[in-house]
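Given below, in the form of C-alpha cells, are the structures.
Shared between the two complexes below is subunit A, which has subunit B as its partner in the first and subunit C in the second.
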Partner chain A sequence: MAKNTYLPAPDHGAKTGVLAYLLTTAAVLLLMMVAGLLMRLEQAQMISIGANGFYQLMTVHGAGMVGIAGIAGAAIMWHFLNQYAALSVRVLVGNLALFVIGVAMVLGSVFVGNFHGAWTFLFPLPGNSLGLWSREAAAWFMGGMLVIGTGFLLLQLDIARAIIAGYGGFARALGWPQLFGRDDGQAPPPTVVASTMVTIVNLIALVVGASILAMMLVNLYHPEFAIDPLLAKAMIYFFGHVFINATIYMAVIAVYEILPRYTRRPWKSNKVFLASWTCSTLMVMFIFPHHLLMDFGFPKWMLVMGHVIGYLNTVPILAVTGYGALMIVFRSGIRWDMGSRLLFLSMFGWAAGAMPAFIDGTIRVNYVMHNTLWVPGHFHTYLLLGLVSMVFGFMYYLGKPARQARDPFIDRAAFWAYLVGSLGFVLAFLYAGKESVARRYAEHLPQWVPYDRVASYFAVLIIAATLVFVARFIGHLAHAGGHHTRATVPFGAVVA
Partner chain B sequence: MLQQIVWALSLALMMFVGFGWAYALLKSGRREEDYTPLQKRAYRIRTRLFWLLVALFGTPMVLTLIDLPYDAVRPAIGAGSVQEIRATGYMWRWELSADRIEARRPVEFRVTSGDVNHGFGIYDPDMKIVAQVQAMPGITNTLRHTFDREGVYKIMCLEYCGLAHHNMVAEFTVGTRS
Partner chain C sequence: MKQPRRSGRHALGAGAAYLLLTLPPVRHWLEASMASHMLVQMPLLVALGMVAVRLLPAGRRRRLRNGFGGPLACLTAATFASAYWMLPRALDAAIGEPLAEFAKFVSLPLLVGLPLALAWESFGLIGRGFVWTNLISMQVFLGWLYVAAPLRVCNNYLVDDQLRVGWLLITLAGLLFAGWLGALFRGAPASRTEAPMYKTA
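This part shows the complex of A and B:
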C-alpha cells in the first residue's frame, strides 16, 4: 500500500525572511497580550486608565492581534509552501515592510491622534467621534489598515502566481481532478491544498476590505459620497471574518507538515480531505452573515444561510482535521516534546473553540448573546489555544537544536501554565457571556467584576508562559535556519 | 433560561472534544507499525461520528429556525393591541417614546439611530439579556417582544459607539395598567 507509507521529509531551516516574521510575531504578540491584560485589569478595577485609554488599547489590541495572526500564519504557509512552489523572497519581505509601516500609522493614529473607533472601524463611527479624534486621525488609522492589507494582497498574489505556475491552476491545486474523478493518489499535498484555499478567500476578502476602506476614506473628506451603513458593515465583516479565519487555515499547515514527521505517518490529501477543504473554501466566505444576525433588515435568507453554515462548518474541523490529528497520534509512539505537544494542543483549541462559536451562530441564541463576552470567549479559545499554539509549536520545531534534544523543565512548566491560563481565561469570558456581560465595556457593573479579576490572574499566567516560549525561540534562533534533523526520523534510524 | 442551556451545552461539547484528545494522547505511546488497519478502523468510526454529528447538530439547527426573532415572521403574542415604542440611539443616550410598558401585551420597538451604530439590548430586572436588535442610522428595525415579568428593565448599548458606550443606559418599567 504505497498510499500509506510515510516518506521521511527533510526538516528545512527557515529563511531569514521567515525568521523576521516570527520575531515580529513574538514581539507584537507579547505587547498585545500585555495590552489585553491591562484591559482586563481595568475592567477588574485593579488599575485605572480610564475609558479613553481602555478603548485605545482595545483598538490597538484588536488591530494588532488580527494583523500579527496574519503575519504568523503567512510565515508558516510561506515556509512550507516554498518547498513545493518557488515563492518570491522580495515580496515576502515587502509585505513585512508594509506591515511595519501600517502598524506605525495605526499606532500614531491611536496614541497621538486619540483614535479609538475599534479595529472593525464600523461606518460611520470613524468619521463621527463627537470631537474626540480628528478626521486626520481616522484617516491615518484606515490608511494604515489599507497599507497592511495591500502588503498581504501582494503576498497572496505572489503565492497565487506560484501555485498556478506549479500546479496549473487553482482547481488542480485544490485537487479537484482527484476529488471529482478517480483518486490516483496524485493530489497536491495538504500544504498546497490549504494554501490555495487561503489564497482564494484572502484575495477576495482583501479586495473587499480595501474597497470599503477606500470608500470610507473618500467619505471622510467628501461626506456627499454617501455609504449605506448596512452595506459597509457587511463588507467589513466579510473581510474581517475571512481574514482572521484564514490565519488559522494557514497556521494549520504546521500541523499537517510537522506531526507526520514526529509520528512517521503520512497525512495525505485523500478524497475526504479534498472535499473538506473545498467545502471550507466556500463556507468561510458565505458564513459572514452570522455577524449580522441582529440586523433585522439584512436579507433573511442570508441570515438563515449564516446560521446553517455555522453548523456545517464544524464538520470539516471536527471530523476531518481534528480527527485526523487524533488518528495520526494514536498508537504512533510519537516523541512528545514542546513542538509536538503544542501542535497537538492547537488542534484541540481549534476544535473546542468551534463549539461555543457555532452555538452563538444560532439565530435564537445570538438574540440573547450577541456582543456579550461570549464572543471574545469563543474566538480567544481558537486563537489562543489554536492559532497561537500552532505558531509556538512551529517556533519550537524550528529552534530545536537536534532530534534528541530534550526540553528543559521550565519549558514544560510553561506549556502547562499556558494551557491552564488559556482555559481559565477563555472560560471566564464565556461564563461572563452567559451572565449577559456586554463586550467592549471599559467599565463593568459591580456584579461582573469578579469574573474580570479571575480572568486577569489567568492572563498573567498566559503571559508568563509566552515569555518562556519567546525567550527560548530567541535563544535558539541560531538553530532555526539550519537544515538539520529536528523531528524527522531518517531511514534506517533506530527510534529511541 | 437559554444562556444556561448554551453554557452547559458548550462545556459538554468542549469536554467531549477534550476526551477525544486525552484518549489519543494516552494511547500514543506504544507504536503500531502498520498504519493501514488502524486507518481503516478509524475511518469506520469516523463515518459513525459523522452521522452522530448530523443528528446531534442537525436537529437543533433546524428546530431553532422555527422561532426566529425577526419582526416579519414573529407573531404578536399576548392579549390586547400592540404597544408601539420608538427608540432612537444617540452618542451616548437613548430616546424612548414611552418608559412604561404593560405586561403581557405585545410590544413593538421601532429602533433606529441618530448618528452611529448602537445595539439595543434589553436587560431584565436580573440584568440578563432577553432581547436585542441593532440600532443603525437610516434603518428602522422592528423588535417584537411580550414582557411577562414585571419590574424595571434596562436598555444597554450592545454595539461599540465610542467613549461613553458603556454608559449608554436607559430604563423602562413593565407593570400592570395604572
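This part shows the complex of A and C:
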C-alpha cells in the first residue's frame, strides 16, 4: 500500500507579475513555434520565403526561444521561491519591462535592419555582413541582448538578496552544512537549493555576456580594436550555454513543488540531492567547450575538459531528479491530470533530450555530427518535451479551478497530440542528423526534403496542441491567482 | 569617549596617507609606470575619499547625500568622474600639466570616493551587486581595450606597459568577482547565526 502521509504546504495563487510572465511566455512561444514551422516549410520547399527571410526567422526563433525560456523559468522559480524568501515584485516587473524593450530592439534589428546573424551573434559575423545589414542593425541586436541581460541580472541580484536574507549565504542555501557535516534534516528545500545554483551560475554568465557584448559593440565601430575570434566564441558560448541550461534548472522547481502535492510524498533535500546540485553548480560552467570541439585552435585541455564534463554533467541533477520523480510516483496511487501528466512527461523530455548531447559531446562523434540537424534534434527534445512541458504543466496547475476538476477531452487529446507531435518532430531532426543533413541551411538538397516535410506535419500538430494549452490557460486565468488546493488526492490517501 | 578618539586617529591616518601620496618622490614613483599610476595611486585616492566619508557622523553623511541629490545622483557623479580619469589623455595630462595633476588629487577623493561611499551605504544587495557586476564587466572590457589597442594610447607610457595594465585589469576583474561571489557564499555575518526560514509541511 502506498504511504501518503505527507501533507504539502498550502497552495499559493500566482501574483499578477507571474501571470504577466506566463502570458508573455504563451504568446512568444506560439509565435516562435510558427516561426519554426515556417523555417521547416521553407526547407521542405512547401513555401518560398527566400534565404534572407529564413535566416531572419532563424535569428528571431533562436533569440526568442532562449529569452522566453528564461522568462518562463524565472516565473516558475519566482512563484515558488517567494514562498520561502521575500522577493521584490518591482524587480520582477522591471525585468519583464526590460525584456520587452530588449525584444523590441531585437525585432527592430531583424525585421527593419535585416540583421540575420543568428542568436549566437558569433564574432566576426555581426560586423561582416557583406552589405546585407548595417552596423546599426547589428548594434541594435547586441544592444537588445544587453538590455535583456540587464533585466535578468537585476532579477538574479534580488533573488540573491532574498536567499541571503533568509538563509544566511549561498553556502547554507546550497545545504553545505548538511552536505559536508551531519545531516540534521534541516537542509533548505529543493526550491531554494535550485534557485541558489541558478543565481550563482547566471550571475557569472551575465557578467561574461555583458563583457563580450561591450567588446563587440566597440569592435563594430572601431574594427582596429581586434577581438580574438576564439576568445569571443568561448565567451559567447559560456554565457549562452550557461543561461539556457539555467532555464531548465529554474523550471524543474515546478516538478519539485507540484509532484509531491499529487503523490503526498515529500521531495527531500537529502545528501545525494544536495551533492548533485553542488556538482552541477560547478560543472554547468565548464561544459560549454563541447560546442567548441571542432575548433582545433582551442587549447587541448579545454576540449578534453568539455568532453569529460559533458559526460559527467549529464548524471547528477538529471539522474537524481529523474529517479526522484519515478520514486515519488511509483505506487503512489497518483490520479493523473493535465498538470501532473505534463510535469511527468517533462522528466522524460529532459532525460531523452540530454542523450543526443551526451553522444555529440564525444569528440569523434562531434566531428561528423555537430554541424548536422542532430544538434537541433537534441535541444528541441530538451526544450519542447522538457522545459516547455514543465511550463505548460505549471500553467495547467495554476489554472486548475478546484481539486476535483476534470480535464476536458480536448485537453487530454491535446496532451497526446503534443507528445506525438514533439516526438515525431524531434525524431525527424535526429534522423536527418544521422543522415548528415547540414544544419542552418535555408535550402535543402532534394534527398533531404522528405525529412523536412515529415517534421513540418508534426510541427503543425504541436502548434495545434499548444493552442489548446494556451487557450485553456487564458480561459482559467481567473483561477490562477486563487489560494485553493489544486492537486488531486492519490488513491488510498485521506483528504486533508 | 573611545569612538571619537579612534575616529580622530583614523582621520589623522587618512590625512597622512593623502599627504604621503602628494609628496613628489612618492608621486613620481607611482606615476613612473602606467600600472602603478592607474591601479595603485588612483584607487588609493578614491579609497581615501571613501574613508573620509566613513569618518563623518551619520547625520552629516545623510545631509551630504541629500545635498548631492540622493544615492543615484552620487553614483552618477562618481561614474562620470571616474570615467574621465580612465581616458589615456587624462593620464597624460596629469603627468604633464600641474593643474591636471592637482585636479586629479582633488577630484578622485571628492568626486569619486566621497559620492561612492555616500551612495554605497544606502544601497542594498541589489544596488551594490549591480555596481560590482558592472564594475567587473567594464574592467574586463577596459582591459581588453588596452590589450587590443592598435596604438600607444599614452605618450608617457610604452606599449608593453599598456599591455601589462590590460592584463592586470582583466586579472583584477577575475579576483574581484571571485571575492564578491565568495562573500555571497559566506553571507551576512548577522544572518549566519539566525535560524533559517524553513518552511515545514
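Quick note on the criterion: the second predicted complex is superposed on the first by the 479 of 496 C-alpha atoms of A that agree within 3 Å, B and C clash if a C-alpha of one lies under 4 Å from a C-alpha of the other, contacts with A are read in each partner's own complex, and residues count from 1 in each chain.
One rule holds for everything that comes next: a residue touches a chain if its C-beta (ideal position, glycine included) is under 8 Å from a C-beta of that chain, and two chains touch if they have at least 3 such contacts.
What you see is a predicted model, and the numbers here were worked out from it, not measured in a lab.
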Simultaneous placement of subunit C and subunit B on subunit A, clash or fit: fit
First (subunit B), second (subunit C), both or neither touched by A:L203: second
Centroid geometry (CA): angle subunit B/subunit A/subunit C, rounded to a multiple of 10 degrees: 100
Which of subunit B and subunit C A:G166 touches, first, second, both or neither: second
Partner touching more residues of subunit A, whether subunit B or subunit C: B
Which superposed partner A:V218 touches (first subunit B, second subunit C, both, neither): second
Subunit B and subunit C, minimum CA distance [Å, superposed model]: 14
Subunit A residues contacted in one complex by subunit B, in the other by subunit C: 6, 266
Contact footprint of subunit C on subunit A as seen in their complex: 6-9, 83-85, 88, 91, 153-154, 157-158, 160-161, 164-172, 186, 188-189, 200, 203-204, 206-208, 210-211, 214-215, 218, 224-227, 266
Interfacial residue positions of subunit B with respect to subunit A in the complex: 2-4, 6-7, 9-10, 13-14, 17-18, 20-21, 23-25, 27-32, 35-36, 38-39, 42, 46, 49-50, 53, 57-58, 60-61, 64-65, 67-73, 91, 115-117, 119, 121, 123, 127-134, 136-139, 141-143, 156-167
Interface residues, subunit C side, partner subunit A - complex: 124-126, 129-130, 133-134, 136-138, 140-141, 144-145, 148-150, 177, 181, 184-188, 191-194, 196-199, 201
Residue ranges of subunit A in contact with subunit B within the complex: 1, 4, 6, 51-52, 55, 116-118, 120, 122, 124-125, 128-130, 132, 228-230, 233, 265-266, 294-297, 300, 303-304, 307-308, 311, 314-315, 318-319, 322-323, 325-327, 329-334, 336, 344, 347-348, 351-352, 355-356, 358-360, 362-365, 367-372, 374, 430-431, 433-436, 438, 440-445, 447
